[in-house]
Amino acid sequence: MADLNVVTFRPDPGQYAWTFGGVEPLMKVRPGDIVELWTEDCFCGKVRSVEDLASEKIVFPFLNPQTGPFYVEGAEPGDTLALHFVSIEPARDWGVSTTFPLFGSLTSTLRTVTLQDPLPEVVWMYEVDRERGVARYQARSSDYSVELPLSPMHGTVGVAPPNLEARLSLVPDTHGGNMDTPEMRAGTTCFLGVNVDGALFSIGDGHYRQGQGETCGVAVEGAMDTVLIVDLVKRRTTPWPRLEDDEYIMSAGSSRPLEDAFRIAHSDLIAWMVEDFGLEKLDAYQLLTQISETPVANVCDPNYTITAKAPKRFLPGSDVYTGARARLKEMAATYSAEGPYRR
Amino acid sequence: MADLNVVTFRPDPGQYAWTFGGVEPLMKVRPGDIVELWTEDCFCGKVRSVEDLASEKIVFPFLNPQTGPFYVEGAEPGDTLALHFVSIEPARDWGVSTTFPLFGSLTSTLRTVTLQDPLPEVVWMYEVDRERGVARYQARSSDYSVELPLSPMHGTVGVAPPNLEARLSLVPDTHGGNMDTPEMRAGTTCFLGVNVDGALFSIGDGHYRQGQGETCGVAVEGAMDTVLIVDLVKRRTTPWPRLEDDEYIMSAGSSRPLEDAFRIAHSDLIAWMVEDFGLEKLDAYQLLTQISETPVANVCDPNYTITAKAPKRFLPGSDVYTGARARLKEMAATYSAEGPYRR
Amino acid sequence: MADLNVVTFRPDPGQYAWTFGGVEPLMKVRPGDIVELWTEDCFCGKVRSVEDLASEKIVFPFLNPQTGPFYVEGAEPGDTLALHFVSIEPARDWGVSTTFPLFGSLTSTLRTVTLQDPLPEVVWMYEVDRERGVARYQARSSDYSVELPLSPMHGTVGVAPPNLEARLSLVPDTHGGNMDTPEMRAGTTCFLGVNVDGALFSIGDGHYRQGQGETCGVAVEGAMDTVLIVDLVKRRTTPWPRLEDDEYIMSAGSSRPLEDAFRIAHSDLIAWMVEDFGLEKLDAYQLLTQISETPVANVCDPNYTITAKAPKRFLPGSDVYTGARARLKEMAATYSAEGPYRR
Amino acid sequence: MADLNVVTFRPDPGQYAWTFGGVEPLMKVRPGDIVELWTEDCFCGKVRSVEDLASEKIVFPFLNPQTGPFYVEGAEPGDTLALHFVSIEPARDWGVSTTFPLFGSLTSTLRTVTLQDPLPEVVWMYEVDRERGVARYQARSSDYSVELPLSPMHGTVGVAPPNLEARLSLVPDTHGGNMDTPEMRAGTTCFLGVNVDGALFSIGDGHYRQGQGETCGVAVEGAMDTVLIVDLVKRRTTPWPRLEDDEYIMSAGSSRPLEDAFRIAHSDLIAWMVEDFGLEKLDAYQLLTQISETPVANVCDPNYTITAKAPKRFLPGSDVYTGARARLKEMAATYSAEGPYRR
């Protein structure tokens, strides 16, 4: 295990980052490092019962705390950062969701303004059985209750944005951020374009589970123990967040209206099919039209997100991002075989 | 087999319907009838080689021909029509797709107007092997070729619209129409609100396969042999097209911008969860947030469509639409065991 | 006055049209005819006090009644119909407005669905002083009252739509319809592309006054006495409704989202500047960028409308639509000098 | 003139601000100060002939330079900053506009992505006659030329944004920024909510003239000599940029899609009518529906902007923002009578 450099970090509450950009790095890491992290839930762990209203417990904008940012040595604008998620595990025996006034896809908001009254603020607590891998939904107005399989993921993964900007951790955009795509799970490799020296990545917003679109705006939120491997692809730009797993290449487009998120995600996949798979642009457009899977990721954040997915089995052979994922999977296997390192 | 009433219909080219509404019915059917139909492809079968440009072969608005409309005896406004798809089978050994000028999600259109030149019009022909259940994609600008599994469906299924309107067969809306959702496959039951006496349903736009979103605007288009069973749920309204299969209840929302299609589909599923499954509205909102699957159906038609899906295993027990689907599945099994009837 | 052919028509309630397309013509008129019409208000005259709720008095879709359609002799697809508004005069001493449940720009709607309760349905009655040209706004929750100048216009002017469709009178689109632009006032010439033989134009939805955007969805609605002159420009297509007055050429784009209405209106003005004023496309784009006026017309109807306006004093000399407007203004002057003809 | 404190500032190129937020203040000013400023054009003065392509002369994100930020003594979160524009005068004898690749309302963009080629990049130079108050448009593809009246304004006026963010100067949002509304002219008072100590306001992006919507994305851009007076309304929040002139109160909403900008602007005007004019919410909704004027400001920036305007003559009497504007107008008159101070 001499070859694996394992870094462990658990932030104090005073160390959370609330934005991407505009924050000093907490720590330096190197390409190849395995990083064991803990992330707090989006409500800073302050909503712990159905009596705890997020609107009272949280002072805006201090929600969705991020663990980071981390400075990646050698990362420069024009490079691509690869983050490979080895494991993402619930760190608590409970999760929480809520309606939040003027937030979510089926309510008026601060942007889609109406003169109507907001929906009531209601909290749902989920009991989590980590052994059995389930979270229990309990209706508030009836006895109905059902176990839902855990499907842990990070809603928020990103780097410092371009153009001298600092963006709230609630915002998804070209730098990643709060994309809320269920594809950000263990086993996935996430590629992000580097905009500033050191890339300055952070992660947070653990979801024990969410539906596609995160309809009410709040998943089954929970603290996470997460292990990821950091890698760097030099001199390769990545315009929008891209993901890869064993079956798919994926691109996450974020914008408004939602059709623009769709356009971004699909045109970026086409660009990727041209760059790494050697297809001509219109041939890629045609092939993608017949093979894409296109789940909505969020319709509640400042930008909406759609993830476009192309099954790799239908694409010409390729060495995606110079084979980064193969290397990362091998390291992950070594780590997992010898682990756990945490604690 | 005395209990099954089987009706067969194959339209002549002069019998196609080009709109929902505004067309006289071709034939009367009764609830319980099994209907064997043939549908032409969206280009009226006129695009048969890469030399055939749809823009030259088709005179607008004479595309996307529908087989129908059928008058369902006893159907009145306020009822719900159920169409259960027993089988949907490619009727030819080839399918076709194309870029079409100013149509598709990654081009300017007649609505999202720009001053740029249109994309080139390029045709892709697909060889279909019905035995093996595959269609072959062949790139136009390289030798790349790949087999894609067939996944036959109808892009267009609908009834006469409400409000005295007649809508082009390209349009999806409350009456169904050109939703282009891959969920409209064999085994699915489709529920449509009845707006006029007889309901006047038609179907068409067979797709041998399509990705989610139908990105370039044109799937692998092809003629179909389709068997469906007609049923009627009296005195039950259905505001938006709903679908049910063995795993999911689903709602197809169609509007612009795309987030409105998302809102419609999810709020309609919530309404359904309240009506048929006994959940309180906000409890349903919460549960759906954690369990929904939300593929985009189309981002190219006059309205965009999103299909929201809720897995039935997470819902309270229910007798959806008075158990229509169970009855229909039983009939389908009887028919399939004794068939084929066609020809 | 031998040269003026004056036609007068006042519909019985049973003669209203509720759609564009799908309706038999009431009467034939010829190019050059002066037509004196009466139009009912959008609520069929049934909302006459603050106690009268439109949601109770009106059975959907029987609102926004149109006077028409009129068959214009000689009008064929590919021609342009010109309607020149000689006068538009309030026909009553009162007007009415209301909030209507789930209709308007600052409420959720049947498309922009939320789970919130609708706004209350409240009616405002306006006293109209036709002599002094004012309508009196009276607050419902306080004593505040103010006189607003009358500015009569027609919200709805259109022809039968293309593509075999019939559209509800609430819908604005390429055929005109419910554009709700305040520019449709006396002195304006409206150009509409002809889609079917006879063009089949109708008008309705008189507004004694409205703000730009018709925010709550309902203007100061009222019956109208209107005089217009019919003209025909043969073999000249018009893709979107165009207007001309003494100062401006204008185009009314209708779509969703609102930016698409903006794109349509401006690109259509650019096309017009190329066709009739001889400017090159990008030169027209540049000039329009610096001179356009762009009021929002409606953000409440099934399509939203924006009117783009270019001041004619900044454009090269032109004989717009073969000088139709000059001829029509001359006829209007003759008619007005010799009139009134009505009654 | 003892009572007027006049501050003059002309930035060196190294002093420009490229963002709102994330920048140290250049200078402190006090409420009541009269500030004489110079602003560079959006291309940093580098596009000076039709041969100068902005895409070659400018390195993103270094465009749209701002003069500022200024720290206003005593300004704290929860206050409102008032900026009263005394004069805005072209500082050069030429202005410039251009198409910019993938920017503007009638082209695909980096958000509304298509696979089409970008429009050509073409530059138009405008000769400015400051004496006569006109700029000359000269077509590039023909001899057509026309004088357009100058109508100087600032496209960009803003403060540091809320939520720890820093936003590029191209972005309009709650903090103001690149709204591109022609209403930001001499004589207008602009109210902006204060988000950070000192408010940190900047201005820039002078337009010698623009149409409503800034269709191609670039107005007649030019350097400006601008005089404004700084004022502070303590303990009064302002959620969105508000403007006031002699005739109107106005609100500038910025978002996507464009209907959300419309919703924001109108609901904010209604909130203002409730707060300062004593109208009940639905009464204000009704009155605004009949009196609003609603020009589009921009359909090209990262958020689109609409300005909603309510004529003050139709509103109940009011002391808007504790009469700030009356005081500011008096100071402006004194300054103008005794000036010019500049140089």
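Note that the chains take the letters A, B, C and D in the order they are written out, and that residue 1 is the start of every chain.
In this text, a contact is a pair of C-beta atoms (placed from the backbone, for glycine too) under 8 Å apart; a residue touches a chain by one contact, two chains touch by 3 or more.
Model, not experiment: these values are computed from the prediction.
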If you tally the C-beta contacts, which comes out ahead, B-D or A-B?
A-B
Note: among A-D, C-D or A-C, over half of the B-C contact pairs reappear in A-D
Chain A-chain D separation of Cα centroids, rounded to whole Å
36
For chain B and chain D, what's the span in angstrom between their mean Cα positions?
49
Chain centres from averaged Cα atoms put chain A and chain B apart, in whole Å, by 33
Which parts of chain D, given as residue numbers and ranges, touch two or more other chains?
106, 112-115, 119, 256-257, 263, 267, 270, 282, 285
Which residues of chain C touch chain B once you look at their complex with the stated criterion?
18-19, 21-22, 60-61, 111-115, 162-168, 255-257, 260, 263-264, 267, 270, 281-282, 285
Chain B - residues contacting chain A, complex
97, 99, 105-106, 119-120, 122, 124, 137, 139-142, 144, 146, 148, 209-220, 256-259, 262-263, 266-267, 270, 278-280, 282-283, 285-296, 299, 304, 306, 308, 314-316
Parts of chain C lying in touch with chain A, wherever the complex brings them together
106-108, 112-119, 257
